[in-house]
Each structure stands twice: as structure tokens, then as C-alpha cells.
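Next up: some structures, all given as C-alpha cells.
Both complexes below contain subunit A, partnered by subunit B and then by subunit C.
Entry: the complex of A and B
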């Protein structure tokens, strides 16, 4: 009994000091003086703009990486081709490389003097220090999650259900929508949660490519740091709470998408 | 019409799964593809279904060359060893799947699925998920799902392989009855000779990517075409150069011209039969399967000197 109690205390203590205490403090400091200061900080134009950019970048990252991630997982699990291991390693690259390096690499390619960006600049398209760059960086750093969550599920369900659907007359498209996708849904849902979390919270890569122009190219995380550096604690805490609520909202929404049979 | 397979070959890398296999499966028959694992029987079934493309040869179903036809348009029902149930769909949705893909009218689907669930005795389980069914129920559901599209041929890949012995026996006789009611050309893959004999009216014995023999269960058992077939479809023992079924070994107390002297090594009582282990004068071992009553009359004990005769034996080149 004593050993079990000790184990439990260690686990709870670990979570308590690392997660519960800091998050609770942020919430407490935000709402210490009531909702008034919170609202005025959140309604500030710079904060609203940061919110808008963060949500937009996260949305694009989730949609792109879900579609691409499922496709990539299918190719990695179901197909056999030379260079498959290389592709598999490439998928993990965004996790392995520091986000700051990712940001710098994007500047080298898409920056005004970058080898690709200089051509785009001729057409008046600007990627670095503007919204497309932020989106690009966000998509890049959150790329691996759906692939890595979906691939093992695909491997586990095998191909028999898909073959059965084929003998029953379903085209590969119909099989994908009616058999494969519903079967991998738990993996997709978890991958989306992780993608969203990463996209909302990304700091390093976005900090490098965005130029951090207040009210124009700041995401919520950049805004939090900006407020913190400016000794505007209420602003920093309020934006942090918004970030936390966005993450909680995603978790809750994904929970609703859980497959039917698990609920029975 | 049935199914015609002509000179079909299939390799997986270095492994030869089918080596110029030719086969006629008559319309309305219930045929078993019997063989050890790796003999090519499952590959042949998958080639017929269109789930594998043969490297050479052709597959004709009901008079039409279907070699290059994808499985979607072959009109085959396929049942997998591990059921391949659509886990996120109810029993009803599983069975209705093929009909919904074919965009049949709602009313017709409702009626047909109802009939099929009645046929496979799952009428009360329509709204359950596969995870809530036993193995035997899942396989009956898979069968109803395959039958729903009114296939020209029904293909079953080790359909009872994952079930326990009692359920397996039950489903075998159930499948036989079902086939009598609904005589759609059926091909069943099995490695179990007893299952093949019990269910099928025609058996195709396969070994090493080739067809060894085709015949009725009786023909296969009574006149095997090769040593492999003889030893695969029933017990065998060896007497000099000949293969012999243990129940064709006669044990006599007195010898004559046609008998060989032997010594009793051991006697095992196995219920309805008695197994006698013998050693011939040349030092070779063989065993005999004799009825209980004969054993009682002979009253054999280890060390007894007897004479044996093969009432039927076969020699293969």
C-alpha cells in the first residue's frame, strides 16, 4: 500500500509542479482583478490581430497536414518503393531540427534575396516577414504528427477490410471514404490534436520568419512574449489564457469525434 | 460454365506460388482446394477473385475471360479467414454495403438484408457491431455480406480456420445445407482434409504450386494419384515398398504365402479403434488400425509373433 501511495504522489507531484501549478498561476493572475482587465487586454487591436493570425495559421496547418499526412501514411504503409526509408526519415525532420533553424532555412529559400524568394519578389509576392511565411513555418513544424499517428493504425487494420470492400464492388475512392478513413479516425483525431497544439504554440520558427511586426505579423505566442518584455503582465497572461483555451477547445472537439463503438 | 483456370502462374519474388495451374470447377459445385500451407491454394483463390493478378494464364468465370477484370467487376463473393468485418459498421450496415455501393433502392436493400440475416441466423443482431459478436457469428455475417451481391461464385479462404473445433463443425454442416438450398458455385480453401471431405463434393489437392489430383472425396481417398495425395488425405504406413492405409493392414495368427511375419511392439486402445505397432522381420516398423472386436479376438500383447497382410496397398513410382 505504502509503495503504491508513494508512486501516486510522485506522479501527481511531477504533474503538479510542472503543469498544474504554472497553468493555475497564469489563470489566477489573469482573473485576479476580475474580467475587466482581461477583456481590455484581449480586445486590444494587436492582441486581436495576433489571435486572428494564430488561428488562421493553425487552421491551414491542420487542413494541409491532415490531407497530406493521411496520403503520406498510406504511401508509407501500403506501398513499396525505393527511397521509402528516406521519405519516412524526411517526415520526422521537422521534429528533429530546431525550429529556429527551420525559420532560417525558410528565409534562405523564400527571403527577398533567397534563390526562390527573389523570383517571387518580381511578381510582388512576399513570403518572409508576412502572413504566408508564418503559415509556411507553422505547416512545416507541425507536419509529422498526423503521419506518425495514422501510420501505425493503418498497419494494424491491415488490408483485408479494403479487399473485402473491393470484392463487394467498391471503387478505391469509395473504399477510402467508407472503410479506410472511418477505421483510421482515432489516429487522425489524435494527429489533429497534436498538429493543432504544435501550430498554436510554435514560437521559434515563426519568430524568425515573421519579422514580429506588431499588429501585423505577430502570432499569439509572439504577442505573449512581446507583452512580457514590455512589463504588461496582464496582457501577457490574458493572451496565454486565450492560447490555453484554444488548445482545450481542440481537445474537446476531437473527443466528440471518437469512433462510435468506443462509446458503447 | 463455372470457373476455368488455364495455365495460371504466379510468383512472389523468388517464391513460386502457382506453376501453370489449370483447373475446371463445374457450375454449382462445392469445391475444396486442399493442401499444406505454401501449396498455392490461397493464391489460386485470390487469383480467381482478382485480388492477385497472375503473371501468366487466364481465369474464365461463367464463360467470360476475367483475367484482367478488377475484383469490383468480377461478381465474386469473398470470405476471409479473419472475417474482414467492417468494424465501424453494424451487422446490418456490413451486409448492406455491397447493395448500397450498387445504389439499389432503399426498400429493396431493406428486404434483401433482412432475408440474408434470417438465412445466417443473425436477425436479432442487426444493430450490433462486429466486436459484440462471437467468431462464428462474425463469419456468418461475412458470408451474408458476400451473398448479398448475388455473386456468380462464392470464394471462401480458410473460412473456419480461426474458429474453435465445435463451432467449426457446426458451420461446416451449416455451409453444406446452405449450398444445397442456394447452389452457387463455391470454392473453399482448407488445409484440413477432414473439412474438405465433409463439406465439398469435389476436392482439388494442391502441393508445391501445382494441382496433384482432382476428384470426389471418395476418389481422392480410395485412389490417390500420388504418394503425396495418399499421405495427405489420410493416415498411411509403409510395408516394404508399398504405402498402405493402417486400416488395410490385416493381422493374422497363422501365416500363409501372402503374409509377412511380424512382432507386436505395442498396443494402444483409442476408443473405437485399436492401434497396433508392429515390427517386420526385416526390422521395419509399421502400424495397423483394427476394430475393437478384432483386437479382442486376437488378444495381442507386446512380443507376440503374428503375420500381416496388406488387403490393399499402393506403390508410386
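Entry: the complex of A and C
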């Protein structure tokens, strides 16, 4: 049993030094002098504004990607068409792209001199270096999660109930709302949690497209870096702790909602 | 049937507007000046050194993850101790924690003024540590379910035939886990070569020393040198796609062998 104990110590030691200690240290440094400095940093207008933008971008990304995710999963699982495997692979593409490349890609298309951006600029619509750009970047990086979680559930439940509903005269819309959606709900919920986590935490893609105009186009993750560069460590720690608490909340939700076959 | 067509059209349009057209624009921008210009953009000394560091660090991360991820998965599945459930949920923390927060936490613990007396900040080691942090879950989460499914019958049979513990691991456990380890390692690699947030604070981004490819691209974008940014981006894209496709092909082959 000595070997077992040794392996356990190595595994726990690795996790301790790589994950637990660093995160714990930031919490300790934030609250070392009590709640006062934390509150005053969090309540600063720039921090509050960044928090608002982060939540707004995450909200739009979650709503858009959930709608797309359910639709795309149905298309991929319930329909047959040439290029289906290609579409399925393309949906996963955002997971393989560096966040900085995401930012560059969006600038090239939606920037002032971009493919679409130059036309949009004629109508006074500005995407890059403003809020829509941040939202677009957030949508990009969090796109695959709902599709990936819903598609296996759809495959699992089969089409029997849907066919029964159709035979009994339900329209396809009614079948979707009454039969399909309730049965894929667990997959949707888990996908939404993963989408939210990714959307709240995105940094690289948002850093490229935001233009970092303080108070206007800063997300909470950008605010952390901004405070760090300004040597305001209290502010950087405080914003980090807010993000870490959101992450812990996400982790808790992930554990509750994780699909059964993955549960350990 | 027309409903299906409409759904497909909406899905493909959305995917194109958000993902495909922008990525095509990167490829386009990288090739605009012809292959000569592309080649010289990715072979400038600064770009080459960033790419070398990125791929070197990613390979180191893959090797460490393959070993440590398998070990952690084994401990989580085969061992039992108080707090195992908690440790199991902590594995996902790097997925949930924003990368910039990861970078800050690592800098606080392993940077100048480190409370544990280890200072690796602003060195290539910091790049590897930051990447290990964000890629921790991949191998663990790939190996864990396979290990749970794996019956201990074979191992017991081998043991009763006189095989030592190491032989059992090498001849029985490892071959069964290999596809999962490879798939986790492939994801780690793809994630590592593109990572930005986790490395940005803790490495100091010193050109020729700790500047990774994504940070180099960021610098080119800020400096307005889009062709150079696009060229290095395409290199990263190509390699992460290669890693993912290679992983799929390998897995397909393994599955066919089993069936």
C-alpha cells in the first residue's frame, strides 16, 4: 500500500501547487486586511462598469448560442444532408483557435477597413473597438458548448416520442416545445453553464477587439489586467476574486448538472 | 422538409458570420502578399523565436500532462480517501477560472516576492507552468471514464500469473488507456499553442525570451502590422487543426482495431 500512498501524495501535491495554492493565495491577499479594501475596489465606477459589460456580453452570448446550439444540434442529429460531418467539425472550430486569432479575425471582417465593417461604417455602425465587438468575440469563443452537450442527448432520446406526437396531429412547433425541449433540458442546462463560464472569463479575444477604452469597453477580465498594469494590486486582486467566485459558482453548477454517464 | 432546410440555412449562416468568414479573412490576409511574403513574415527572428518557444513549451506540457493526468485520473478512480469528491471537482477549476485570473494567481505565488520562495516568473518555465494550469483537465477527464469502465479482471488474472505491478501497468492498463491519453494530449497541445490570457502576466512577454506566438501576434496587431499577425496566426491555426484531425484519425484507427 506504500505505492498507493506515494501516488496519492504525488497527485495531490501536484494539484496543490498548481491549482489550489495559487488560487488560495489570491483570496488570502485580497482579504488579508479585511473586507474594506475589497469592497472599495469592487465599488469603483470602472470596476462596476466592467462588471456590467461582462454580464451583458455573457448574457447575449448565452441567449444567442443557446438558440443556435439547439437548432444546430437538431439539424446535425435529425437531418441528413451532404456535408453534415463537415458542419459538425466546423462547429468545434472555435475551441481550436487562439483567442488572439479570434480577435484578429473579427477585426479583419468587422473592423473599419474590414470586409463588412467598411460597409457598416457607412451607416455609422461601429463594431470593433466598441461593445458589439466584445459581444461578437464572446459569442465566437463560447459557440460550441450547447451544440456539443445537446447533440448526444438528442441522439440518445431517439425519435419515437416525436413521431408519436406527430401522428397524433401535433405541429412540428408543438412537438418541439412539448416533447423535444423538455427531454433535452439537462443537456441544454449543462451547455449553458459551460457557455456562461467561457463567456465571463474570455480575455484574449476581447482584449484585441475592445480597444480598451476604460469605463466604456472594458470587461472584468480586462479590468484585472488594467489594474495590474497600473500597479493597483488591490484592485486587480479584488476583480480576480469576483471572477474566481463566479468560477466557483460555475463549478458547483457543473457538478450538479454534469450528464450522468460522466459523473464520478 | 422545408423546415429542415430553413434550420440548416440559419445554422450555417450564423456559423459563417461569427466563425467561418472571419477565419477565412485571416487566411486571406496572410496570403495577400504571396507565399514569399508569408514565408518572410513567419521567419523573422522574433517570430521564429516566439514559435519555437510556443511549440517547445506545448510539447513539454503534453508530456507532463500525459504522465500527471493519467496519474491523477488513476488516483481519483482507484484510490479512495477523504475529500476525493472535492479533489475531483477541483479538476474542472481551470476550465471555469478566467485565464487572466490564473495568470495573476500564478504570478502571486511563483513570482517576485513569492510566499513559498519559488520565483520562476518572466522565464520560459513560467510559460510551461501557466500552460499546465489551463490544460490540467484534458487528460484527466479523458482517461477517467475509460479507467472506470476498465474491468480489474484482466489485472487480477495477470497478477495471479505472477506479473509484477509495473508489468501489469505497462502491458494491461496503459494499452487500454492509450487512446484516451492521446486524445487528452492532443487537446492540451491545441490549447497550449494558442493560449494567451494565462501566459500574459506571468511571463513578462520578453521578445526572444518569454514571448509566445499569441503574444507576438497581439503585439503585431497593436502595431498595425496585420500581414505579419495573420501569417503567424495561420501557422498556429494549421497546427492546432493538425493536432485535432490527427487525434480523430488515430482514435478512428483504435476503434476499428477494437471492433
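Operating definition for what follows: the second predicted complex is superposed on the first by the 228 of 264 C-alpha atoms of A that agree within 3 Å, B and C clash if a C-alpha of one lies under 4 Å from a C-alpha of the other, contacts with A are read in each partner's own complex, and residues count from 1 in each chain.
Everything below uses one rule, namely that contacts are C-beta pairs under 8 Å (C-beta built on N, C-alpha and C of every residue); 3 or more make two chains touch, one makes a residue touch a chain.
All values derive from a computational prediction rather than experimental measurement.
Undergrad: Examine A:152 and indicate which partner it touches, taking first as subunit B and second as subunit C; both and neither are also allowed.
TA: neither
Undergrad: Which partner, subunit B or subunit C, touches the larger number of subunit A residues?
TA: Of subunit B and subunit C, more residues of subunit A lie in contact with C.
Undergrad: Is A:254 contacted by the first partner subunit B, the second partner subunit C, both or neither?
TA: Second partner only.
Undergrad: Going by the contact rule set out at the top, does A:225 touch subunit B (first), subunit C (second), both, or neither?
TA: second
Undergrad: Taking the superposition on A as described, I'd like to know which of subunit B and subunit C A:139 touches: first, second, both or neither.
TA: Second partner only.
Undergrad: Between subunit B (first) and subunit C (second), which, if any, makes contact with A:164: first, second, both or neither?
TA: So A:164 only meets subunit B here.
Undergrad: For A:174, decide between first (touching subunit B), second (touching subunit C), both and neither.
TA: Only subunit B is touched by A:174; subunit C is not.
Undergrad: State whether A:182 touches subunit B only (first), subunit C only (second), both chains, or neither.
TA: first
Undergrad: Identify the residues of subunit A that lie in both the subunit B contact region and the subunit C contact region.
TA: Common interface on subunit A, subunit B vs subunit C: 261, 264.
Undergrad: Contact residues on subunit B for subunit A in the complex?
TA: Against subunit A, the touching part of subunit B is residues 49-51, 70-74, 76-78, 80, 82, 84-88, 97-98, 101-102, 129, 131-132, 142, 145-146, 148-149.
Undergrad: How about subunit C: which of its residues touch subunit A in the complex?
TA: 3-4, 7-8, 10-12, 14-15, 18-23, 25-26, 28-29, 68, 71-72, 74-77, 79, 81, 87-102, 104-106, 108-110, 115-116, 129, 132-133, 136, 144-145, 148, 165, 190, 193-197, 200-201, 213-215, 217-218, 221, 226, 229-230, 233, 236-237, 240-241, 243-244
Undergrad: In their complex, what parts of subunit A are in touch with subunit B?
TA: Residue list for subunit A touching subunit B: 160-161, 163-171, 174, 178-179, 182-183, 185, 259-261, 264.
Undergrad: Would you pull the subunit A residues touching subunit C in the complex into a rising list?
TA: 3-4, 7-8, 10-12, 14-15, 18-23, 25-26, 29, 68, 71-72, 74-75, 78-79, 81, 87, 90-110, 114-115, 136, 139-140, 143, 172, 194, 197, 200-204, 207-208, 221, 224-225, 228, 236-237, 240, 243-244, 247-248, 250-251, 254-255, 261-262, 264
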